[in-house]
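Listed after this line are the structures, all set down as structure tokens.
Common to both upcoming complexes is chain A, partnered first by chain B, then by chain C.
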Partner chain A sequence: MDKIQKKLFKSLPADALSSVAAIIVGLFAGFVILLLSNPSQAPGGFWAILSGGFSDMKSLGQVLYFATPIIMTGLSVGFCSKTGLFNIGASGQFIVGGYMAILVGVKCAFLPGALHWIAALLAAVAAGALWGAVPGLLKAYCNVNEVIACIMMNYIGMYFVNYIVTLTVFDSTQNRSQTPAASAIIPKMGMDLVFRDGNNISSANSGFFLAALAAIVIYIILEKTVFGYELKACGFNTDAARYAGINERRGVVYSMLIAGALSGLGGALLYLAGSGNGITVVDTLAAEGFNGIPVALLGLNNPIGIIFAGLFISYLTVGGFNMQLFNFAPQVIEIIISIIIYFSAFALLLKGIIQNIAKRGGGKK
Partner chain B sequence: MEYVIEMCNITKEFPGIIANDDVTLRLKKGEIHALLGENGAGKSTLMSVLFGLYKPEKGLIRKNGEAVQIHGPNDATRLGIGMVHQHFKLVHNFTVLENIVLGVETTKYGFLKMDDARKQVVELSQKYGLEVNPDALISDISVGMQQRVEILKMLYRENEILIFDEPTAVLTPQEIDELMKIMKGLVAEGKSILFITHKLNEIKAVADRCTVLRKGRCIGTVDVAGTSLEELSEMMVGRKVSLFVEKPESRPGKVILSVEGLNVRGKSAGKNLLSEISFDVREGEIVCLAGIDGNGQSELVYALTGMLPVDSGKVSLLGRDISRDSIRGRSRGGISHIPEDRHRHGLVLDYNLAYNLILQSYFNPEFNKGGFLKYDDICSYADSLIERFDIRSGQGAKTVARSMSGGNQQKAIIAREIDRAPKLLIAVQPTRGLDVGAIEYIHRQLIEERGKGKGILLVSLELDEVMDISDRILVMYEGKIAAELDPKKTTYQELGMYMAGSGKEKSA
Partner chain C sequence: MSIIYFLVQQTMFFSIPLLIVALGGMFSERSGVINIALEGIMIMGAFAGILFINIFQGALPGQPVLIIALIIAAAAGMITALPHAYASINMKADQVISGTAINMFAPAVAIYVARIIRTVQQIPFVNQFRIEKVPVLGSVPVLGELFFQNTYITTYLGFAILVVSWLALYKTPFGLRLRSCGEHPQAADSVGINVYSMRYAGVMISGALAGIGGLVFVIPTSTNFNATVSGYGFLALAVLIFGQWKPGRILMAAFFFGLMKAVASSYSGIAFLKDIPIPSNFYKMAPYVATLVVLAFTSRKSMAPRAEGIPYDQGSR
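Moving on, here comes the complex of A and B:
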């Protein structure tokens, strides 16, 4: 926790401060709910959330593991926000990406060695990009609001994947997709040796590095390239971008396409982690997609900030597992975590108001 | 003393800025008192204090010698203070009469009883020479008429102190003359008028006394009759300003821009936004598109720059047909565009100054390599423009555009557009909302560009600007070019007639 804060402070001082303040507000709100639901166990349970991620190396590995997909969807949402779009379709992009990764992982075992998992990732990127591009094209050329198109693509993605999983890679004994071949699993790169507690090995793998790499690439695109300059100009002021001759329609399509690719990669990184995860055939949208929204919000849409925001939320998730030791029902734990996340997000939205109050208070002194 | 309203030593602070610093304003009964100052000098704040919208930190308001507390507009109305706002507050689908009585309706058993009100309104309009048709819808009458309705609203409420906030900004010269007459009539009947403006000629024409504000401070109150225009402007700006633009004779060269039979249909069927527009702009001349706002000037500029598709007609730049070119294609072809709305089109306010200065040239090889921006080169380019065009900002090239003053934002746009070495410079209301000093600067820049042989198309609503700067005037009315005039041979009156649509057809 402290470490995260310190790093945040260093990289982007003023903005990070507001994120940290928001997190503290969120944690406080979570604690109040804990007190209300079970006063006697509240302090212990709260401590479990706060310290769970650091309790041993295995837990720390789990933090990295759970952070990976939500960093990707957070990047997807954050990237779009920078360009003036709200990508609420990360969920659909995530699941089609995940499906393509599994499909290639199961069916293309003939691919030699590293080529296999790389091909699976690329397939996921392509599928996610396609899923993102559809709302982008609709927005650019038919003036359909991207939020509506994205929500529809979420449901189309979910039902389509449910259907096609049963046709192609179904494991009927477990009512979910088959396990990909070993060569399709993302390399551990020694993560399993570092992040373990005795024989208890965490699911950490090099997927986290890929997510961090993606964040850096997105950062470079946004801040250093002509392409990013154009996209951000569209996001800040579409009229001025048009005045300057920037093709804002093309910008919308590319922006959604890249966002979709990021979410799709997120799906692949989850389902190819080798932790036994598979796509279950249930009528629920992938939560990782929606969790991308608070991640992007907490990270202030800054790609580097999103890495830390993803780690923070994942840290809470891991800490939440430890709460079960204090007799909290899993549902209550989910509620607490959600409350912390969303209070943090709200506090951030109210940042301007809080700053005004602070200013006025300072003025009186 | 016979002061109807005294605002004594008013101080109003906002975080980080003192909007009014010890300002004293005394309005005599039966006078027209001008309140003069540049944008941001604190005129609006002072009036808001008078209307009780702001509570001053210090100071006292007296009416007829007695101290009064004004806590809101209702208190102000009760004290007989009324205001004609710059943007009228009228209900467009109500009639004139309904608008006048709105808020003080006469009723009987809860039903409207308009007969008395009608009689009273008709009497008032005859007494003060404010002829209006009480049953006309606001949406059907001209801007000048709407202003009369606003004045009648104040009279109907028996206001004694009438405040006019920049009342001439939306009027034609003829309408301005009539307004001046009406104002004189009102004071003759014992009303007192506070007249907010930054136009010196109007003060000279009607005002008895004038209070000048500069940067929140009260510079002084003078008798208008004994003060020259130059002295007034010096009080307003704080230094000597040349009010007249010096420019050498224009020597038009070959045709740069040629427009033939341009038509743009509106979204709704019926009237064309632009119909049959044809004109030329040559090297080394400033052609001015004059007209009242909303007569197709903006659409014409959008059509020329490629931001609005045209239905028929041809636009050529240096003999090459550019009617089908993209916005980027036209700007690279040599059209620079200083847009009407600097916040909406001209700047990306959340980008820093350097990024804004390359908005029209970031794609050139000098600013990027292999798709990556050359940040150092961009900054040094920005620094050179900042120095040459004297753009002032808090942190130089790294200042976020949003935090810059309006005048410096405009300078940045002008620097960007002029430095691209265009063949044709389209400047749309380049001096709007700027102070006298900045206006002088921008006019000098335009004339300098003209001297370099550029063709300049200037769109302006300010008649002084039209008459002083241009070499030729095209008057637009309802999407057509109503007349082509020579500024040396025409008068404000003639110009105004064409602007109002009552001129003869095309006299060239």
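Moving on, here comes the complex of A and C:
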């Protein structure tokens, strides 16, 4: 036991180091792009990216607000990766969760007080779990590749939500869903008083704490329970897991189901944040689902790491808004993030090499 | 009859790009590399091609501009696919990660560059490529109206690519080598086939075809390019799997998906479909639901290339 712990601590810096290396490469590439497009404004624009999130308390609040949904989808993707599955379906799970939250938020105003928003969150969790369970079941019992099934479920979810929004909670003047009742909005818990710049109030709310709580729960499930251990065992080696008497089919279904629930909760936390967000009826997949992938990769699929990765990406996003003052398009941020993802794929390899060398060195002694 | 002609012509607009891109994906996957980046590559191909058309369409006549634009789109697609090939072949990285990165990178770059050049992200173009009626063939009754009127050269390009792909894959040494690298790279290596270069060839062909497919998708269905191909790259991936990685079946899958898309986009103009109370979103959903159902029944004996997604390591057994 002691040995394992030592090994964990040893591998942690290498892990973190590879993420940091990918981030540095990505940021550097971003700076080069800014330099190429407008040399005179580039340093100012780049500084806006780097410092944007800390420029005032409102920006900091926005960082927490934008981080909340992508931490949830990041957890969803990361949890699946730990169990050997790639959940690219967070987008569909996210939007059906968001829809259920809005539906309960608009239609169930009879629920008293806090019960209303809690019911809305639970409905979202259930819908997301259902959407995640479908690829899980198909994978477990029909051997369908979960990546393809998830992509299909993304589009089915998007079109289905577009259809059902127009039937149930449609605000035709804005071509999007109606605003949920005030009692369905997640409590601010004083965050609107802390994270503000004069009268300029940020959208921060206690949803961030719920996301952090979810991360801790997932951490405990993965690291401290037999159930989590079994799921991880399936991820490491399915055959070995089956040989050890673990029901790997059940594992696949449960891990997709939990991943779906996490993404669904993410949708609820965004649309019940009280910031005037609604589901717009357009044929575009929810970006938050895809943004969970870089968050999970940067956080090395570790639930606690994912909180920080989500905050980091959100920080860059807020910096990107501020950078527009220097006449740069905010897409630079997406370019930077995509380059970070690309190099994080290498970083995993790099880490493997480092560990191999370390192992060989240890063996010789 | 005119409704059927209209529907067939519309179906062509949606099916041909799916066909081309799915065939591209086929080359990559049969060589053993999953190419989830098709969407991003399509966007880059369409972006480069449309940008060229936007600049040169006044100076040159319609069809030559389109042909040069197609070549540019293919080149742009290959350039975009190159980092994916490098990551998944040389660096042995997770093929899904670099594909995801490219899918995120491509629209961002397309918008960013468009905004630098034109200050807005849309790139308009004049559709001067439509062929009202192909000479001689267009006058043939029924067939002429179905396939040779209100069409584009890209439609015939799509069928040409299909035939060439089939020949290349099944009737040439190159095709046999490519397929062997996707099934059992160690065995291929043992008889002197360079697995790395075959996989590079597969990914590069998929890049070229996906780039072309991006442009082919945008031209008949729009008059400006807005850094999106509406998820067609992912749909092509579904077509590829629906078609079980085989050219003939890919053709059928592409036409099934294309028909559904055509119905979804134009059903309100078709009297007998308008009377059936099915909302357009259901037609839009149909290809995806159908794919899931078919996959559920066929995946047990999946025809997927056996070494797909597994980086080739000479040292492993």
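In the analysis below, the second predicted complex is superposed on the first by the 315 of 365 C-alpha atoms of A that agree within 3 Å, B and C clash if a C-alpha of one lies under 4 Å from a C-alpha of the other, contacts with A are read in each partner's own complex, and residues count from 1 in each chain.
Everything below uses one rule, namely that contacts are C-beta pairs under 8 Å (C-beta built on N, C-alpha and C of every residue); 3 or more make two chains touch, one makes a residue touch a chain.
Remember, it's a predicted structure, so these values are computed and weren't measured experimentally.
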Partner chain in contact with A:Y229 - chain B first, chain C second, else both or neither: first
The chain contacting more residues of chain A, comparing chain B with chain C, is C
Using the touch rule from the top, collect the residues of chain A that touch chain C in their complex. 33, 37, 86, 88, 134, 138, 142-145, 147-149, 151-156, 159-160, 162-163, 283-285, 290, 293-294, 297, 329, 331-332, 334-335, 337-339, 341-342, 344-346, 348-349
Mind listing the chain C positions that touch chain A in their complex? 36, 83, 87, 91-94, 96-98, 100-105, 107-109, 111-112, 115-116, 121, 228, 230-231, 234-235, 237-238, 241, 279, 281-282, 284-285, 288-289, 291-292, 295-297, 299-300, 302, 304
Chain B-facing residues of chain A, complex: 224-227, 229, 232-233, 236-237, 239-246, 359, 363
Okay, in this complex, where on chain B does chain A touch? 15, 305-307, 326-329, 331, 337, 339, 344-351, 355, 359-360, 362-363, 368, 371-373, 375
